[in-house]
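Each of the next two complexes has chain A plus one other chain: chain B in the first, chain C in the second.
The block that comes next holds the complex of A and B.
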């Protein structure tokens, strides 16, 4: 089959070719996504209004989009830090949930007095770090595939969350599985613009800090080597394993912080939905951002917009929430498929050569 | 105690079968070098399709067939991406999870939470069914349970005792050599993923049409992910996949039985056991040297002829 087509790996794709590939992939992904939304029953005339005006250009919509983008930036940092090292962190939700759980623990047990809020955030980072430490150590010490372990631990974290919400953390004043609402001192400052809160500033600071770490420090240089070519990094005298471990743990901390800002900034309590779809969100955003930290806020903003739009599409047009998943899947699949054009050179030989 | 064991053993095949079918499907993909992370989404689509078709008034067998076809159809973009366009398999598989879960939610909304009459147990004489301990396990089961076991044997024979099976394994182990020997690498990978997707779709459909006889969102509940681990546990051997499915399914089947006893069990902690068990097993396997040897050598990587 296809005997006349030969593929060659490109030694080094030019920046222009990479950019063009990305651009075309993006256009195709957006076109397919719009197709899905129309198929789901949204009239074409309403697309601009629902997908652009209502989520980015009205104050209420913009506030909702920024609120949703906040934890997404952390989740995407978690994905990007690990993906750069070819460590497939597919358990962002689990790390996020452990972060949310530890932050809630600090809040519910009134730990830390005046520094309770910073302590909650530190606890959330710790929760995420501990939860990723298991797959990181299993992978780096024993060679166990992180793909499966991160996934399975996500499920374990969700079951633990349910245990807490239906048990010790449950709010006894009603029958819904949520924790009691936090005290005022346990909530992040709100700007008075919708639900937007100080977590947004934390997320942007984290993006900047990680960007500096990745692009401007020796550690970041070593981490890039460790991901692309572990042997070369070893030969250069970097402690590859240590660099990898620190980067991965930092990724876990970011995922934990995503949980921390959701409970302390947006929800003000622990619920079953705090981690919903955040693994996909993080990975899709990181992939769209090309794992570049500074691109993450921009992409998070648009993916958050999609998520906000889907909520109103559900109300007004009865569109299933499943379409957000379908669209994210399409975007990811389109991006990785189009990488072909930047990675390989295709030559077609004439019939006589075959 | 006898009663408890009889009931537990009786429910075991129902828990074993979807895990066995899905891990056999994955085994085909992985033996040909394709890591198909999409299994959780494809199972969801199979479960939804099966339920919708039964609710539309078609028979259970047509529903199972439709689910396998839907599973193959949704895997086509994945196959194009990773086999033809050599896309990285892990993100492509994750995208397949998202698409499968999303489609099952979007298309199955009207079918959710509607009980129906699905697969029935084979009509063995009551005397056999009422045997203590093994009666319900052996004689109160539907045909798919038996089909899954037969398929495992066929898969073992097919992979290890036919020239096609040898070629398929060669493609996953060392595609350059297979290519040089005249094996069409891409064709074998496509066939493997088509067979694999069909089995994974059937596994999903068994959850709704066979086991629960109802479809609800999220009913796959991590079984796809467990199947991925089960393939490693089985060391990519179909017959060992039966053992793995019995072990993992047995652990899963224990939870409702303990609850039925009226024991005050920490449900959520018990539900964690299959996952923790899996991680423990992966760790133990990694301590030996066998995993490295049994894993298909080219699993998850893209082959192009230039690399030969």
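The block that comes next holds the complex of A and C.
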């Protein structure tokens, strides 16, 4: 009897209510996630140790978490910049791979002399920008759905990556499909705390810069206005399409940089696993952060922790790595459901009311 | 006697298919239907007239189970009926062809009908449905290709599929909502013929239209709604004149012009020459020429959907057009929206949340948006304090209630009146020279309407010109110095700068 259920937008959706909703949703999501982990075979007594201590409180665990969070922040910025404009970029992995490929090209062909490392990062940003420029222009000029184009271009980028690793970029000293290890001058500075590297500083700087851009500049104002209501932005004389294009290209650059910091900071070479799951991670983090740049480091930190925990759960308890995706899905769905409940009032009419 | 006359005579004392008594409907504060009576006889075409917002759609939505009435009774074939959902309406034999067709575009006509039958109660297997379609086709002589995708069909063909769908689902009572609005004249003729045939076969038909000629040509009886009241109920079309209908539709009481200072008509401000807009190959604005002087309010009356929105958007530069536009001596024909705004053009669109406001941005940001755009609040960096300070002044000056926390809350939480006040506060700044206001008081209460009118008059006192586009004739008559009427994208103008109510009505209905 669907016709007896009515939805009504709440007029009183206050900031306090939405904060409280977010909190309650997180508690429910964590409880559901723990249930899933226990059901998958992890003893209750080990949960705190595995999910908190080993991930956030030991130096080695914390270092792993921070290392993983670094490219995630870039991927989430890429997602947030595009989502704000309702440009559904589900090809973050493709942009990231093209970034990684261009950075590796600079490294392997020893381009740029003393400025090689900055040049690698610039090349990675360029790779991501070029790879998103295609769907962006197709969408803005011809109305082609970016969902299909970004998704398929990810596959193209991955196949191109494989071609390079099995061909011109392959390391001839062994049979694994990876590039040779980079020279010392092509690696980002390491802090001596696990694998953490200067990419973390870059990521946090990017977060700050984009936060300023979105919330404190005329351009960011136009982007927010146009993202929410492009017709109203047009009627006010904002250059809606230009603003959209620049934001989207910037998103591509962020995805490219994620690839850049992975190869130059973490892996020190190009591998097939670069960028794995980064589209999903980026979108989940951006959504949980409400597309607010300053929330992205916080959420990235926890999502990275989850991913680190899953590695040890797999080793010690034989829990599949897929559990991370399930838990991310649970958290996202719970949050979206609670936000819906906070925005709308659901009324179920009795059979007598008509 | 012709066939039509025979049918009309036969239907005169036929059984009541629908009997609506005292139906009222309120949405929040607004009473949309006020104790409405309406009856429909078996075998008749009953024309229903009324301006936009008169309550026609609401009444039909009640009869088809989309809305529930707050008060009143409905009887179907003289049995009390409770229509609580669209499927109740289908079960009672009530079918409706909406103005915007409810068809799944990639499906064929047959698939669409099967789909609709599948949600109805009984006999929904495909063979039964196909057999019923064949019966209806044979009985009505409808011709339409049912086995190609609906997206490949013309509008008239899609409409025939909608009619076929309603009849296949067993509709004895058929409601057609402005069915001729989307048709060419020949197609409309054919549809009117079909309606007469269906009535002749015993169906009861409600025909919603704005065109008097069609009422006279195809209707048996006519009813007229005005502002939620049934002002003319079930009169035989042979007994009414088109003049009487136009008076019933738009009222006849004298409007008292709103007191304004001595009219100081200045120099020509906006000069539009031969402006035309084509949309998907169809001309929606056709050779419009008009002038707005400094200090003048030019009213543009017309039934909604006759090119008003396109005209406004073309003048503002939002959509491409041909012709010339000059504002204050500057040729703006090729200018962008921001060029035109820089010359003092401002826009208050009919759909304020859809076309003027960013609902999820704060009130302050919405108020400051135009100033941010022009760089008034900073060229590169913009401080939140500058935005809040700017907004504070406008909130005070325009008395925008509900602006808590200094305007930090999203604008979507404001009431309609306050949302419109925020649009006006932004658009009626000191540099505003020519204001295009489209239905600026739609959906507002009396006090808010008054407020909007006062602000527009104030702007003219400062030397601005206003192009007031409205479907509310009272508003046009009360405010305008000069009145034009738009019908099918063309301006119909009389020699008189302020034509009378009846002349305007006739021009709106397109038979003068």
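Convention: the second predicted complex is superposed on the first by the 345 of 354 C-alpha atoms of A that agree within 3 Å, B and C clash if a C-alpha of one lies under 4 Å from a C-alpha of the other, contacts with A are read in each partner's own complex, and residues count from 1 in each chain.
The rule we apply is simple: a residue touches a chain if its C-beta (ideal position, glycine included) is under 8 Å from a C-beta of that chain, and two chains touch if they have at least 3 such contacts.
Everything numeric in this text was worked out from a predicted model, so none of it was measured.
Have a look at chain B and chain C on chain A after the superposition and call it: clash or fit.
Pair status: clash.
Which partner chains sit in contact with A:96 here, chain B, chain C, both or neither? Use first/second/both/neither.
Once the two structures are laid over each other on A, A:96 reaches no partner at all.
I'd like to know which partner A:37 touches here: chain B for first, chain C for second, both or neither.
neither
Now for A:108: first (chain B), second (chain C), both, or neither, which partner does it touch?
It touches nothing on chain B or chain C.
Going by the touch definition up top, name the partner, chain B or chain C, that contacts more of chain A.
Touching more of chain A: B.
One more residue to check, A:132. First (chain B), second (chain C), both or neither?
neither
Touch check for A:81: first (chain B), second (chain C), both, or neither?
neither
For A:225, select first, second, both or neither according to whether it touches chain B, chain C, the two together, or no partner.
Second partner only, chain C.
Please work out whether A:332 is in contact with chain B alone, chain C alone, both, or neither, and reply first, second, both or neither.
Only chain B; A:332 stays clear of chain C.
Out of 5-13, 23-31, 113-121 or 347-355, where does chain C run into chain B after the fit?
The answer is stretch 113-121.
Taking the contacts chain A makes with chain B in one complex and with chain C in the other, which residues are shared?
Correct list for chain A: none, the interfaces share no residue.
Where on chain A does chain B make contact in their complex?
1-2, 6-9, 40, 88, 90, 134, 138, 142-145, 147-149, 151-153, 155-156, 159-160, 162-163, 166, 280, 283, 287, 320-330, 332-333, 335-337, 339-340, 343-344
Show me the residue ranges of chain A that touch chain C in the complex, using the header's touch definition.
So the residues of chain A in touch with chain C come to 3, 11-13, 15, 215-219, 221-222, 224-225, 228-229, 231-239, 354.
Which of the residues in chain B come into contact with chain A in the complex?
My answer: residues 37, 41, 77-78, 80-81, 85-88, 90-92, 94-106, 109, 184, 186-187, 222, 225-226, 228-229, 232, 266-269, 271-272, 275-276, 278-279, 282-283, 286-287, 292, 304-307.
So in the complex, the part of chain C that touches chain A is made up of which residues?
Per the touch definition, chain C meets chain A at residues 68, 82, 84-86, 316, 318, 336-338, 340-341, 347, 349, 354-361, 365, 369-370, 372-373, 375, 378-384, 409, 413.
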